[in-house]
Amino acid sequence: MLAFLDDPKVLHGIYALGALTLFFIGLYGLLAKRHLLKMLISIAVMELSVYLLFIGLATSPGETAPILSDGLTAFTDMADPVPQALTLTAIVIGLAVLGLGVSLAIQYHRLTGKVDVASMTELKEL
Amino acid sequence: MSWMLRLLFLAVSLSPAALLMAWDADLSWPLIEGVRLSLTLTPLAGFFLVLLALVAPLIALPMLRRPSDVPSLVLFVLLLIGMQLLLLAGDFVSFFIGWEVMTWSSYLLLLRSPRTDMVTSQSYILFNLASAFLLLAGILVFYSVTGDFLIRAATEVSRPQALSLVVLFGLAFLIKAGTLPLHIWIPRSYDQAPDLFSAFLSGSISKMGVYGLILLLTLFPDALTGFAGRFLNGPAVGYLLAWVGVITSIVATFKAISQEDMKRLLAYSSIAQVGYITTAIGVGSSLALAGALYLALVHTLVKVLLFISVAGIVLQTGQRRFNDLGRLIERMPISFFGVLIGIIGLAGMPPLPGFAAKYLVFVSLVDARWLLLLAAMILASTAAFIYCYKLVYAPFLGHANSPEAREAREAPWPYLVPQVILMGLLVLFGLFPGLAIDVLIDPVLVGLQMAPIGSESWAKLSTAYGGYDGVVLMLVFGTAFALVTGLFLLLRGRMRRAGSPHDLSFAGEVPTAETPLHYGAGMGRELRRIPLVGWILRQGTQGFYLGLAGQMRAAAALLGTLYVGRPQTWILIAVVVFALSLAVQAMMGGL
Amino acid sequence: MTLPLTPVWFVALPLLLAFASPLWVRLRLLMPLLVGTPAALLLLAFVLLPEVRTAPLLETIVIAPPLGIHLQLDSASWILVALISFAGLLTNAFIWLADGEPYLRDRRAFVFLLLLIAGCNGMVLTGDLFNLYVFLEIAGVSAYALSALRRDASALEAGLKYLIIGSVAAVFFLFSVVLVYLQTGQLNLAAIAVGFGEIPGPMQILIGLLMLVGLGIKAELFPFNFWVPDIYQGSHPAVAGLYSGLLVKVFLFVLFHLVFLLLADPKVVGIWLMGLGAATMLIAEVVALRQEDLRRMLAYSSLGQIGLITLALGFGVEATTAGGLFHMVNHTLVKLLLFLTAAVLLRSFVSAQLADLAGAGRARPLAAALFVLGALAVMGLPPLSGFASKLWILKGFAEAGVFWPVALILLAALIEAGYYFRWIKVLYDPSVQLQAVHPVGRLAYAPMAVAAGLIILLGVAPFLVDALFSEGAQALLDRGATLTAVLGAGS
Amino acid sequence: MHAVVDSLAMIAVSYVMGFLFYGFYRQLNARVQRRWGPSIWQNFFDNMKFFFKSETLTHGPMFFFGPMIIMAGAFTTVLFVPFLKDSDWLQGFSQYGNLILIIYLLVVGPLGNALAVGSSGNPFGVMGVTRGLTRLMGLEVPFFLGLALVMLQHETTSVHAIMAAQDGLANWGLVTNPIAFCVILLPFIASQNGSPFDVVGAPVEVYAGPRVEFGGRLLGVLMTQNMMMSIAKLVLVVDLFMGGATNILVLIGKAFALFLLTTVVSMVFPRLKTEQAVDFFWKVPLGLGVLAVILTVWLPSWSA
């Protein structure tokens, strides 16, 4: 019944659509929410959507994980390993940024009691 | 500061003179790829170098008076180096470098005065930089036409190119020379600059604009005639330039008359004098250029003399307004003679060389048949008598109007020595009007491939329209003066000095010390009742430039609203721009 | 054992030293190493220079070709690497010698400063798109953290704002990287360049725009640069100097490196980039007119110069490109000088507001004099170095007979003069007697004096270095040579 | 020796002509106003009286030297105006000068006067000087324009050459260039301090004017130079427009004719305020001058 999903075009279409939806959700959150943590989460969501897109579009139905193990000794029909490696790296970086952001936000809250990005007015044009 | 440094400074101030003596070959070295700086000494530059060589040590000497201001001295040295580079430049890049060094070092010198305010300093630097950047734009256009930066006559220029070049260069030099309506920076800065530096500003730096204008003539030998043909017996474009110059002179002269401050008056007078020079350059004939150069020479000597005298007065009294001075003739006699000789030169009266210069210009105007210009120039130069008189009357004659003026002493010797030297030079050139022609001006004219004026002897100034003999004139006048004074003193009778300064015929009353007896600033106030003069004095360009500055600030405020402090706005703008350009691309590319 | 002197040290050395930082604290080597690292890198750069001038140095840490970490040091990237090392050296020396704010002198600052250098070096050197992203994030994270180091409200605000906008930029950039990989299956820049032309047009545009937004935010181009003044104002001036002097330059370089490498005909994009550059320049200069805070004013001025460099590089002619590269170097020197001056003034008078600095020229004559020098150089007044590079750029435009950028550049310089000279006038205001609150050691002026000396030297004798920039411009512009060098003659 | 004798002769001639002309003027003026008036020698007597006053009040050295300068200026002016043409006599040093120089020399004297007045410390005197300079500013423009027309006509600034070109009545400047004469006529009257432009030194209406502080011998000097200067100007105009004179009698005749013309004009009009005078000069004579320039310079060049 879900065989049509085996068609890479359809599958990729769905992935792309989903990733983009996620991207726009993140973007919406980023633009509409003023809570610092919510903004950071929105950024994380946007990043995630990009990872999803990457992984999703780089694999086609029927490909196996690119790991050589028992019985699997050839590189045929394997998914491209590069996107996955890259995504892993990107996730790590994203996490680092997110961690830094959250810690800054917490420090900021402790110092000023504010979490609202709109109330950050120490630095502004005259 | 040790005497070694002082000596070094004096030596540097003599460097233009040394350069003039020692220069014998051309120099050149690379700057960046495709740009070579080259230094050479043309006759024209040599003339202006002579002016610089005369003036620099004379201003350096009083600058050394204790307590000396070391940054000022350093900046003055930089300024001198810049100006020498500018004059020696054989290519436009070194010309521009010299021009800019001159601009910023003079600006920083201007800041050394405690009186300089924001408007003055900003207008000084912005006008001068505008001039510099126009010059640079012109240089780049020139470069794109000729393929290198050498200063040489551009022959293969198309009309629009030549037009843009003339406009760019012309505006640049006219700003520096301070013609109307680009003069607004001059009165303020000459007034508020350090007193001695005002002398240099007016005497030397303003001449660089003149140098540029004359250089422009050599770049485009047919620029004046080529564009719009000839008007009467002269170039039509030059006619325009000449009117610009003459209107500058007229307006500046009337403004000068109405000033109540010595340095401001001299500043406006500078504008007017440079206006004459501009007029002469506009005429463009060999006679006129000789007149322009002669005027430049005289104006340099006279203005330096006057500004140094005034600096001495300000130093000794702390006053600079006409109303606060008076009767200094008895306290500062040498300064009085300095100012007296100065104004005689400034007014262009015989027998001083100011007359020779004006004579050449007048004759060149007659020769070009531009009589209306001549009349306008006469108006300016006759009206100049009024401010000249004001300049000598208000500080030196009349009644002392402030305690400082009553107790002032003669200026210190570093101020007097330059004055005496300058007076001597003025008298020398007055005696021998042909001297300047023969030694200084004719080589330039020959260098510009124009007919030299020539002079039978140094005592004579001779043109195709006639001339005069300076020595005879001076001798006749001197003899007459001696004769008259001698005869007068031989007459029977007694001279009696009035018992008190208040012993006056004063409308039937006896004035007291409280009676306001100094005409000072009142002089020239009646002039406003003349409709034309009143109208001129009511006009001003300051409003326009202040308005422009205001518009700039408003634009800054408007654009500043873009730079809000909210990250979401930043992101929103980025996303919107992204989406919009994508959409535009999609529509254009038919996505 | 001798260590091979290869470009990888530019990235590896600071990374290693940064991560081993606990050791240095113990050994009290923190400050010497902070200064020593960039000094060593600078030395390395000069050692490599003769080699680089003959042929670009390529280094591949191979996983499986074309996968692997490619580092590529050619004449253009050499300029940037040397610049990064030098700027790092000056700033770090200032931090050491000025003996000022303790938060800049502890381990965290050490780590982040070295990471910033490593990230920047990596971005410039890498020949690989994904590594570019990684280094971009390394540099980014360390920059966010550096901004927030002071940990007061304004510093944290700056750090957070920077982090938010920076992350968004990174997401956009990552998006474009993903798309490129999906389209070409390559990450090596040279390989992508070969395949880029075959990507469908709309996709090319999408990728290009994503990259433009990502790098445009980072490189402070006009519609994406509204964050800049806030961040510069909130950060310590020495750090802001690094951003303006170093980080932006790197991003600009990366942007143009990509443009010149990926596109067969960079002119198509160049005209748009020139437009952005012109807008950046003019708008920033105009807005700077009304700034009352020194750091903010310098931020806008920095934007203006970035616009100028973009304008020059976007034109893509050798003369303007060489001039643009030269101007990058000059601007870095100048902005370092100015921001370090700002740091001295800020320390001395506790405020960077115009009104509070009136008369500072008397209390801190040396700092004020250096400020004047920097201001003159940034406006491109001879005989300082800014003039030589500006002249080179303008000459390039004039040679090509294109005069609108010339007019805009000169107009911008005039506006720039409007505010710089206002500041100079106020600094030398004679009516105010200002007293310095905190002392500043004489040694703090040493790095500034070095920068000032170089500004004068490069202004008077730019012929000493002009060949480097010409070669750099050729390396940057010559797409074919790069491709051949990386992929072999066959491709 | 010749030069010395010639110079002394010129000074003497101008002095004698001066007081006689002004004596006549006072007579004529009185008759027009239905008075008897003073004798024609009265000016001479007045002058001598001043010179032999036993006491003179001064206000400092400049107050004394001012009149000396103005007198020397008057002598110099006289000596640089050629009185006769085609003659060795009464030439002074005129071959060393020119028209423009003479016009400027006319101003040197007043400058000395102004210095002395300023030195006196009397504000009314300075006010008078300022008015004088203002009037000068007004009259000089059309005056010089008219002379420039003459210079252009003869293409020289040499008075000798201009005189030499006017051989015979038909070649007089008056005939060949009448419009230039009209242009200079009124400014010329003003420069002679004639009514209606004489408010500067008006002795009756305002107790002021440049000479308010002078008395005794110094006033005598001022009076003398005034008369001599007037004669110099008259002779100059005679030279330029009336063909000059070959002997002294012709000179006196022509100068007298011109003097009569100006006198008649002066007597008819009421006195103008300074600013009115200046405005008048810039409107009427200058307008006439502009017209003259257009007619005689622009039009021929365009039609050519």
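Letters A, B, C and D mark the chains in the order given here, with residues in each chain numbered from 1 onward.
Just so it is clear, a residue touches a chain if its C-beta (ideal position, glycine included) is under 8 Å from a C-beta of that chain, and two chains touch if they have at least 3 such contacts.
Note that this is a predicted model, so its numbers are computed, not measured.
Q: Using the touch rule from the top, point out the two chains with the most contacting C-beta pairs.
A: Going pair by pair, the biggest contact count turns up for B-D.
Q: Closest chain to the protein's overall Cα mean, using per-chain Cα means, please.
A: Of the chains present, the most centrally placed is B.
Q: If you average the CA atoms of chain C and of chain D, how many Å lie between those two points?
A: 78
Q: List the centre-to-centre spacing of chain B and chain D in whole Å, with centres computed as mean CA coordinates.
A: Computed value for the inter-centroid distance: 34 Å.
Q: Which whole number of Å gives the spacing of the CA centres of chain A and chain D?
A: 101
Q: What is the distance in Å between the mean C-alpha positions of chain B and chain C?
A: It comes to 44 Å between the two C-alpha centres.
Q: Would you give the residues of chain A that are in contact with at least 2 other chains, written as numbers and ranges?
A: Touching at least two other chains: 30, 39, 117, 120, 123-126.
Q: Hunt down the residues of chain B that sit against at least two other chains at once, touch-wise.
A: Answer for chain B, listing residues that touch two or more other chains: 560, 563-565, 567, 571.
Q: Counting only residues that touch at least two other chains, what does the list for chain C look like?
A: In chain C, the residues touching two or more other chains are 161, 164, 168, 229-230, 287, 290.
Q: Assign the assembly's chain-to-chain touch graph to one of these shapes: line, ring, star, complete, other.
A: Its topology fits none of the listed shapes; call it other.
Q: If you look only at chain D, which of its residues touch chain B in the complex?
A: Listed in rising order, the residues of chain D that touch chain B are 51-60, 62, 64-65, 68-69, 71-73, 75-76, 79-80, 93, 96-101, 104-105, 107-108, 111, 114-115, 118-124, 126-127, 129-131, 133-134, 136-138, 140-142, 144-145, 148-149, 151-152, 155-158, 161, 207, 212-213, 216-217, 221, 274-275, 278-279, 282, 286, 289-290, 293, 297-298, 301.
Q: Please give the residue numbers of chain B that touch chain D in the complex, ascending.
A: Residues of chain B touching chain D: 232-233, 327, 329-330, 340, 344, 347-350, 355, 359, 362-363, 365-366, 369, 371-372, 374-376, 378-379, 382-383, 385-386, 389, 392-393, 396-399, 465-469, 472-473, 476-477, 480-481, 483-485, 488, 491-498, 501, 503-508, 516-519, 522-524, 526-527, 529-532.
Q: Report the residues of chain A in contact with chain C in the complex, numbered from low to high.
A: 30, 36, 39-40, 43, 46-47, 50, 53-54, 57-58, 80, 82-83, 86, 89-90, 93, 96-97, 100-101, 104-105, 107-108, 111-112, 117, 120, 122-126
Q: Using the touch definition up top, name the residues of chain B that touch chain A in the complex.
A: 560-561, 563-568, 571-572, 575
Q: Please give the residue numbers of chain C that touch chain B in the complex, ascending.
A: 161, 164-165, 168, 172, 201-202, 205-206, 209-210, 213, 216-217, 223-224, 226-227, 229-230, 283, 286-290, 319, 322, 326, 372, 376, 379, 381-383, 387-388, 391-392, 394-395, 397-399, 401, 403, 406-407, 410-411, 413-415, 417-418, 421-422, 424-426, 428, 430-431, 462-463, 466-467, 470
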